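What follows is a structure written as structure tokens; I'll ask about it next.
Here the chain labels run A, B, C and D in written order, and each chain numbers its own residues starting at 1.
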Amino acid sequence: MALLTLHDAVARYVEDGQTLALEGFTHLIPFAAGHEIIRQGRRDLHLVRMTPDLVYDQMIGAGCARALTFSWGGNPGVGSLHRLRDAVENGWPRPLEIVEHSHAGMAAAYTAGAANLPFGVLRGYIGTDLPRVNPQVKSVTCPYTGETIATVPALRPDVTILHAVQADRRGNVLLRGILGAQKEAAMAARRLVVTVEQVVDALDAPMNAVVLPGWLVTAVACVPGGAYPSYAQGCYARDNAFYLAWDEISRDRDRFRQWIDAHVLGTRDHAAFLRSLGVASTRDAMEVTR
Amino acid sequence: MALLTLHDAVARYVEDGQTLALEGFTHLIPFAAGHEIIRQGRRDLHLVRMTPDLVYDQMIGAGCARALTFSWGGNPGVGSLHRLRDAVENGWPRPLEIVEHSHAGMAAAYTAGAANLPFGVLRGYIGTDLPRVNPQVKSVTCPYTGETIATVPALRPDVTILHAVQADRRGNVLLRGILGAQKEAAMAARRLVVTVEQVVDALDAPMNAVVLPGWLVTAVACVPGGAYPSYAQGCYARDNAFYLAWDEISRDRDRFRQWIDAHVLGTRDHAAFLRSLGVASTRDAMEVTR
Amino acid sequence: MTPPWTRDEMMTVAAARMLWDGCVCFVGIGLPSAAANLARHTHAPDIVLVYESGTVGTRPDVLPLSIGDGELADTATAVVPLPEIFAYYLQGGRVDVGFLGAAQIDRFGNLNSTVIGDYARPKTRLPGAGGAPEIASSAGQVFVVLKQTPRAFVPRLDFVSSAGFLEGRGARARAGAAGAGPQAVITDLGILRPDPETEELQLVERFEDVTVERVVAATGWPLAVAPHVNVVAPPTGDELRILRDLQARTRAAHARAIRVPY
Amino acid sequence: MTPPWTRDEMMTVAAARMLWDGCVCFVGIGLPSAAANLARHTHAPDIVLVYESGTVGTRPDVLPLSIGDGELADTATAVVPLPEIFAYYLQGGRVDVGFLGAAQIDRFGNLNSTVIGDYARPKTRLPGAGGAPEIASSAGQVFVVLKQTPRAFVPRLDFVSSAGFLEGRGARARAGAAGAGPQAVITDLGILRPDPETEELQLVERFEDVTVERVVAATGWPLAVAPHVNVVAPPTGDELRILRDLQARTRAAHARAIRVPY
């Protein structure tokens, strides 16, 4: 495990053309990492995420992606992801190949990847048109009952990027709260990069906590607020107002470009990004306002 | 969820001829439940457990079982399970049908059962004789890579019995420490009976603790010390001396029968069992000696 | 005369009443979440809410904006990895009721939440199926909540995201779906239920202030109507007050400014 | 002249030396556990110990008697469900070294821990395979630890519990096993390693106080012997002291009387 700046972690491990998974289900979405990938101008990425959320909307709109594997592409609680729609409907800024699953299918695919199996099985996709548009969905026959069971090919990202609450100095990473498919995406990856709220001497991890051992972690970058506008349980809440505001910002290509230019390309790092939006606060100030 | 005495829970839910899984890997082995099943004279059980351990050695020796599904049948850290051996080698006290897996195969079978899949898949049993003696081990062909992947049929016990640290008054059960396949065996079961060290108002369960929701639990019985001579993390340690002593006790049919008569059939309940072995201590005494 | 409640409120109350105490409900965001929590705050205090984010038995004090809000984790019996929710809980047969919305529904309760127009060249790309395909097939039964218009209630879906009764007359069961399918569709005009034999949806209840004709006119196919169409009882004072309180608390909570440490 | 160490100690020390700092080791109980922990207390402080009970990165102060002792959970980086250990860690290709014992071994490193005699009518029913079949196939490589006698080192196994090189000459790889198989067999007389081409085990190192002839005589097949058989360096004073301290602490800990609350 290497303890790096986020800039260096992305520079070193994220390459054009890779299959990349930024996981975290609503919670702990690695926005800072997604923005750094935009800043460094990565292209032709195959993005994988159950819920693309705003982070992929931004990366797709910024032209980083050639393909997307996903299972639900909305702005949670708000509506559409307009940049994703613009890419799918109009090929802007470039055409986007989509590989579409159900949540259960994606979960099975990550689980299979984590387990080094070539495919995952589920009682899924029954009676739907998804297998018609996603030829990856196939089936096997149960050798005991003769039933037909759906299969999905394992997901094995070149790099998985997560955001987490804590890492210790050996790179052990504590996940806490809503996990989504973080653990499976981590275990399925060839490389694992984690941004964290803090690096500590000893994890605040009770027995049976969800801890990723440091020897599975390629790099850790300490990025406080790295999940904003998503949230980090026990650290800061989801900025629902930003999710609502994004609906307006992202509807229009020019307005989107201006936002990306001002807040992502025009900022040096995540701290500057947070300051540019006026949501940053020093830890001291946080202590007082909590 | 019903809060019952262990006597009543076994009387109500454990029936002759059932498929029964008492899980807990070395840790939290539900000995008290196994003894109560011996006391109530259940017969023709198909016992399922990764590691039969002393609890099934005792139940097999006492004549409860007609079949055993398992993956490692030793006295952990000591040697053989003599009652299991006597049943397999000599049919005493009755012949025992065995269904033998590897640990990975059992884990996949429980996981499949928990997920309501008819089979589990694993890269397993390669080059071994186990599929020759266990016709349940079959295979499927990966629809993507053409690889042959081993399959095991799902395990779906009629009743799974676990021991746990705490339950609250709604039957939510906290598992803590080494879990083995407890969670999967619980989710795979048609009925779930749990003995616990204590019933509390609120579980001592941090975020992401392993908690089985009360609505999945058929019955809870409060049985302090219910895992002895196995252990309950944070409550009492494993009685390694007993595991060593069992090697002698169980070698001889008569000595085994005397032990069962004296300590299991001759005791009313688990508290009396613990007293008969001289290991019982009141909670007050425990506080002082810890 | 305008009733003292909105159509959304009536839908939410009607949906909440479908849930029984102790039932295990797989909840989607929006109206289903409001309905499930209204039920919990009224007649079903021991309803078990399961959100796909991995929170089991949550008791949120305010409604989540997203399916994975921190409030859900803080108040849950258990917070488990998402694959467990889909494999052990939903596919495992532990969920009694799944709640689904959609952009389009057909007469057999099949749903489209994926695309309007052709999949490869869509007119409107919708968010997609998410958890719906397996909720639709594996939950004990499904309740659909959807505003009734001819654009939404269509003779033919552009895309089948999740299966209702497929072509009806047992097609669903033959396809291998475990659950009983869409046993109720709660709209802003009334309630549809499948005919036991044909499995085609028919109007069985209407809201107090609408006519059967209006419901039929809001449907893109010739809607079957039950011999007796009952009237749904209007929201009680308690139901309205508790729902509005919940929504007021929710608005206040979600308006709070966020500060992020760095 | 009797050396100032026992054969068990020599085996343990030799096995410990095979492990490198930072390697991920899937540990079985008994001698492998002693060896892995000796390595951790000597030249490999950052060795990662994984026990099949679900404890990852344990640093026990005393040796566990069972594979699932509480000490392992208390000192672990993570305590995970057992199916994860086998699926995500072992099958996932995250384990560098698997340590196995057995009742019988053949010239290709195939192991029997299941039965002596016929499976259906066994002379001796052994505990069984446990984790071994998949440790043998999935770990990066396997070290076998076994006392060398003609009864254990047999020309033909009564039962193949876990695969070594099967019939040799690439049979293992053709069968689809991911890992490199038994790259060392540490006995109480010396160390065997597979010939790179035939994959048959051959004696490559002997302990100081034994002759090649004695090792050959202790083997139930005509043992292949490397052109140069090196001598394993005897245990150092540090190795012996640390191992004996570990075992003394272990004995003391396991002798403690247990009291159970009721």
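As a convention for this text, a residue touches a chain if its C-beta (ideal position, glycine included) is under 8 Å from a C-beta of that chain, and two chains touch if they have at least 3 such contacts.
The structure presented is a predicted model; accordingly, all values stated were derived computationally and were not measured.
Asker: Of the pairs B-D and A-D, which shows more C-beta pairs in contact?
Answerer: Higher C-beta contact count between the two pairs: B-D.
Asker: Using mean CA coordinates as chain centres, what's the gap between chain C and chain D in Å?
Answerer: Here the centre of chain D sits 56 Å away from the centre of chain C.
Asker: Express in whole angstrom the distance between the two chain centres, defined as the mean CA positions of chain B and chain D.
Answerer: 27
Asker: Go ahead and note the Å separation of the Cα centroids belonging to chain A and chain B.
Answerer: So the centre of chain A lies 40 Å away from the centre of chain B.
Asker: Could you list which residues of chain B touch at least two other chains?
Answerer: In chain B, 116-117, 122-123, 147, 177, 179, 207-210, 233 touch at least two other chains.
Asker: So which bits of chain C are touching at least two other chains?
Answerer: 73, 79-80, 87, 91, 178, in rising order.
Asker: Mapping chain-to-chain touches, which pattern fits: line, ring, star, complete or other?
Answerer: Looks like something else, not a line, ring, star or complete graph.
Asker: Pairwise, which chains touch?
Answerer: Once each pair is checked, the touching ones are A-B, A-C, A-D, B-C, B-D.
Asker: If we count contacts the way the header does, which residues on chain D are in touch with chain A in the complex?
Answerer: 22, 24, 48, 56-57, 73, 77-80, 87-88, 91-94, 178
Asker: What residues of chain C sit close enough to touch chain A in their complex?
Answerer: Those in contact with chain A are residues 29-30, 52-55, 64-70, 72-74, 79-83, 86-87, 90-91, 110, 114, 119-120, 122-134, 137-138, 159-163, 166, 171-172, 175-178, 254-262.
Asker: Show me the residue ranges of chain A that touch chain C in the complex, using the header's touch definition.
Answerer: By the definition above, chain A touches chain C via 25-27, 50-51, 70-74, 76-78, 80-81, 84-85, 88-89, 100, 102-105, 107-108, 110-111, 122-130, 133, 147-148, 177-184, 197, 210, 224-225, 228-229, 231, 233, 235-243, 270-271, 274, 279-283, 285-286, 289.
Asker: Under the stated contact criterion, what part of chain A meets chain B in this complex?
Answerer: By the definition above, chain A touches chain B via 116-119, 121-123, 138-145, 147, 149, 151, 153, 175-177, 179, 206-210, 233.
Asker: Could you list, by residue number, the parts of chain B that touch chain C in their complex?
Answerer: 114-117, 172, 187, 207-216
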